[in-house]
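Alright, structures below, take your time with them.
Okay, so subunit A shows up in both of these, paired with subunit B first and subunit C after.
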Partner chain A sequence: MQSTFEFEQAPPISVPYRFFLGGPPFAVAAGLLLAWMGPAALVSRWNPQLLALVHLLTIGFMLQIMAGALLQVLPVAAGASVPRSLWLAVVSQAGLVCGAVLLVTGFALGSALNFKLAIPVLGASVAVYVLFCGFALARTKAQGGTVLALRIAVPSLVPTVVFGGLLASVFGWGRQLPLMELLGAHVAWAFLGWGLILVMGVSYLVVPMFQLTPAYRPRLATALPLLSLLFLVGWTVLDLLDRAPALRMLLALMEAGVVTAFAVATLVLQRQRRRKQDDVTLRFWRTGMIALLAVVALALADLFTTDPVIQETLEILLGVLLIVGVFMSLINGMLYKIVPFLNWLHLQRVVSPVPNMKRMLDEKAMSGQFRMHLASLVCVALAVFLPWLAIPAGLLLAGSALWLEWNLAGAVLLFRRLARGPGVSLATVRPVSR
Partner chain B sequence: MDHLTAPLAAHHKACDEEFAIAEEAVANGDWGRASTLVPSFTQALETHFGVEEEHLFPAFEASTGMTGGPTRMMRMEHMQMRTLMADLAAALAARDRDEFLGCAETLLLLMQQHNMKEENILYPMCDQALAGHAKALGPVIASGLAVEA
Partner chain C sequence: MLDPIVVDARGLPPPEPMERTLSALDDLVEGQEVLLLLYREPFPLYGILQRNGYAHRVESTQDGTFQIYIRRAT
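Coming up: the complex of A and B.
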């Protein structure tokens, strides 16, 4: 009986906001690290400082913000509210932030101790997060592509962290493990499992909602995450056992098809939108989808290349496009819709009249930051070929992330000022539905 | 297809369509068209709320005994949307394009997440709880929606 009431229970606004404000500083740090590393930054994917940079972006920025956004999305998407969401937010965010810092400093300083500490901290915080969200997702009666995608994406964090933990144990305890295979599995579950399937599930909801596009076809919406799961399981097992190279290749080609189908479907739906106005979120979204198509092309080229030098270049470029081009673009675009809306939603029970969404965040500031993000993406990608560009690329990346933080902080401060006056904890402002 | 609430879900789409053309008219500065399209949209939305509040929700509440749950939440969101519709009307009267588009953006997101909750959660619950009343209630819903169609 209780579960039927759950879709009322949006979390307190401080739950998503603490994650949203916590993410961009990591991207600022990543940009500064890139600039500091300079021309040597993007030469080898095994450079420990580059691995530090990658984890600043993947755990510090991506995972942190995605984890926070999911806590907000679950009640609307699945009618599944996460139990004790404020407690979960505080604990899991603290763990993610500490774990990210430990892991990154482990890579950057070559400190075995930091790896030894990062493994349990990240492992425990992700475990708690998956357990609580999994509980909500297991109980919901809602069906459809989004719930299916979320049910695959959230547990995908487990193999991501397990394989990542094994890799870190190589650095922490000097264990002898098959590095390449573990790395392949870690990266696949992180980006194609958690990352991309979560993006699919969220896209099914928000692409039609933001721009009034037709819905994704139900069969496509369920097939994409299921086929992705098939690829992840099949490919991981075969790769770790070093079996059936032909079947592995076939699975990889299928996954390339899945990702292409998702990106193309999204771009086509957006072209068919009923709402003709362009906005900054749409521009971020299109950038992300075009980058995703480029990622597929690079992955295919990588698959059919035997020259290790070309492979390394392709893989670094692929990483840049995937992290900065796909995920940072989509996350950035989403934040610019979610934050003004949450401000409005939570304020309209406390004050009257409430400024509309467009007054919560300045459109010119968002557009300007979008252009800077695009410039940083182009510059970081070019720096793979023109190493001297790494310094301006890093500064642009840091600048764009700083601008994002500034814009978000402005909206959050406005919320605070309107809600209770200065100095009031966001945690005390409960959602409208209570 | 034969679900009791199918016409309501379809009517959501019709309201979306009216929203899009009304918003477009204001965005293009076509206040003449907007002066008929905006009231037409808000009227359609009001009709939708009316059918739910006067027929569907009371039937669901009577059948399940749940008066403080999802239907209360939906009624509350209807009120929030009514406030925004009033803001739209005021911005239309003042020919304040920025204010109108800001309110429209807010209303759209509120409306969409509201529809999603209804279509994914409440309507299936209603279809289940009111399966025995579909013959009586179905025509009432259809005719209620047809008033403004």
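Coming up: the complex of A and C.
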């Protein structure tokens, strides 16, 4: 039988790659903004420039790359191909990029007009994306933890954007809305609804597949996203209505239990992997899970603290660990597995034999970038307590993101060279050396 | 009934599971099945099987293993 794979379900390689290459420049900008803000950067979470920085990372880097990866993952994980994927990629990425720039400049410049423009642009691009991916997820007959998690994560973008849009309308039109409650709901749905449940679903697939571990237990895999959704809905409703504080606290504690169970299960599986040597993706993933446990510890400390000064510090540190420690680590590690695999998969159609996947990205360059990412994480976290560290922390964050972009661009250029160049000797293919 | 050709692809990195399965299908004899063991459902494989005249059925176990039985479609 033919040994080449079929591509009817997989999107064109330009679909995920445009998102992957579009994300890191936003993280470079975030790092430079942090360095430019200097010691005042991480003092108050209400600082508009810090909010600009956060959205450079959450929309520009995280959402953009996660959205692109999902278009690639859906056919593999769920047998669900997204209709008109190239059109969707172009439209939704343009919307996300323009919306992120408008929102960030709205915060940074205090421009009401930018907020007014950012709301419909981000709202429309997310709506189109959710509609198309939701259609694919609704049609598939696949069962199991991954599909369930994706079916919860993707629609969770809607409350994330609705609550965020309401918050932005306060800045755009000066509307009088309950800021704290809306902010709580926006952050909870962004990180716990969309972000973490997506990570769960993707982990169920890629941790055993790429890190060669046993599988997550099926009951655990379905229970975690379902319980997360249940606690999140309950907490949001009670918080917006300002009712039942004791029950809200209980729901928050139970959600902390769910997140802890996921992180511990992942770390345990990683210890049981068949091949004991570490690779860079495993190190990124392990960093992300340890940071996730630290986030839970900080969130619990925050729940039981009444001192507003300590709460402010805890919440800024929590944000740093969640964004840089958890999501940037996991995304970064994931990219280093997906990109070589996609290169290999798509090259099958045009060259034979296809070079080994390990030749697509230089291991030393990936390891170096991992160390720089780790240094930036430690430095940004310490800058919460030692404000003068904000400048080196910002430069490290920008440097790490630039290095990531450089590594990814090298792999993409290698793909183009191999796909176009019939005269290339495959025996000599090496990662682009720098 | 002939014993199935077992392809235990748990713990193998991509693309080895797909390659080993396709290779095993080349060795199938009449009335025999390939039993693929994997920690995920191999959706990309299903399309290939269908187009090449194979049928499959899936069973899952409590440790997260999917057992995919593949045979010539009748």
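Following the convention adopted for this analysis, the second predicted complex is superposed on the first by the 412 of 434 C-alpha atoms of A that agree within 3 Å, B and C clash if a C-alpha of one lies under 4 Å from a C-alpha of the other, contacts with A are read in each partner's own complex, and residues count from 1 in each chain.
Note that in this section contacts are C-beta pairs under 8 Å (C-beta built on N, C-alpha and C of every residue); 3 or more make two chains touch, one makes a residue touch a chain.
In this text, all values refer to a predicted model and were calculated from it rather than measured experimentally.
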| task | With everything superposed onto subunit A, say whether subunit B and subunit C fit together or clash. | result | clash
| message | By the touch definition at the top of the document, which applies to A:K276: first (subunit B), second (subunit C), both, or neither? | response | first
| message | Taking the superposition on A as described, I'd like to know which of subunit B and subunit C A:G68 touches: first, second, both or neither. | response | neither
| request: Once the structures are superposed on A, label A:G193 by its partner contacts, choosing first (subunit B), second (subunit C), both or neither. | output: neither
| request: Using the superposition on chain A described above, determine whether A:R359 touches subunit B (first), subunit C (second), both, or neither. | output: first
| said: Output check: A:F341 vs subunit B and subunit C. Expected answer is one of first, second, both, neither. What do you get? | reply: both
| Looking at the overlay, what does A:G23 touch: subunit B (first), subunit C (second), both, or neither? | neither
| said: If we overlay the two complexes on their shared chain A, which of subunit B and subunit C does A:R217 touch? Say first, second, both or neither. | reply: second
| request: Using the superposition on chain A described above, determine whether A:G79 touches subunit B (first), subunit C (second), both, or neither. | output: both
| subunit B and subunit C footprints on subunit A, overlapping residues | 5, 8, 76-79, 142, 144, 205, 208-210, 212, 274-275, 341, 344-345
| remark: The residues of subunit A that touch subunit B in their complex are 4-5, 7-8, 76-79, 141-142, 144, 205, 208-210, 212, 274-277, 337, 341, 344-345, 348, 353, 355-359, 432-433
| Across the complex, what residues on subunit A touch subunit C? | 1-3, 5-6, 8-10, 75-79, 142, 144, 146, 205, 208-210, 212, 214-219, 221, 274-275, 341, 344-345
| message | For a test of understanding, state which residues of subunit B touch subunit A in their complex under the given definition. | response | 16-17, 19-20, 23-24, 27, 66, 69-70, 73, 76, 80, 83, 87, 98-99, 101-103, 105-106, 108-110, 112-113, 116-117, 120-121, 124-125
| message | Taking the touch rule as given, give the residues of subunit C at its contact with subunit A in the complex, in rising order. | response | 10-15, 18-19, 22-23, 25-26, 39-41, 43-44, 46-48, 51-52, 60, 62-65
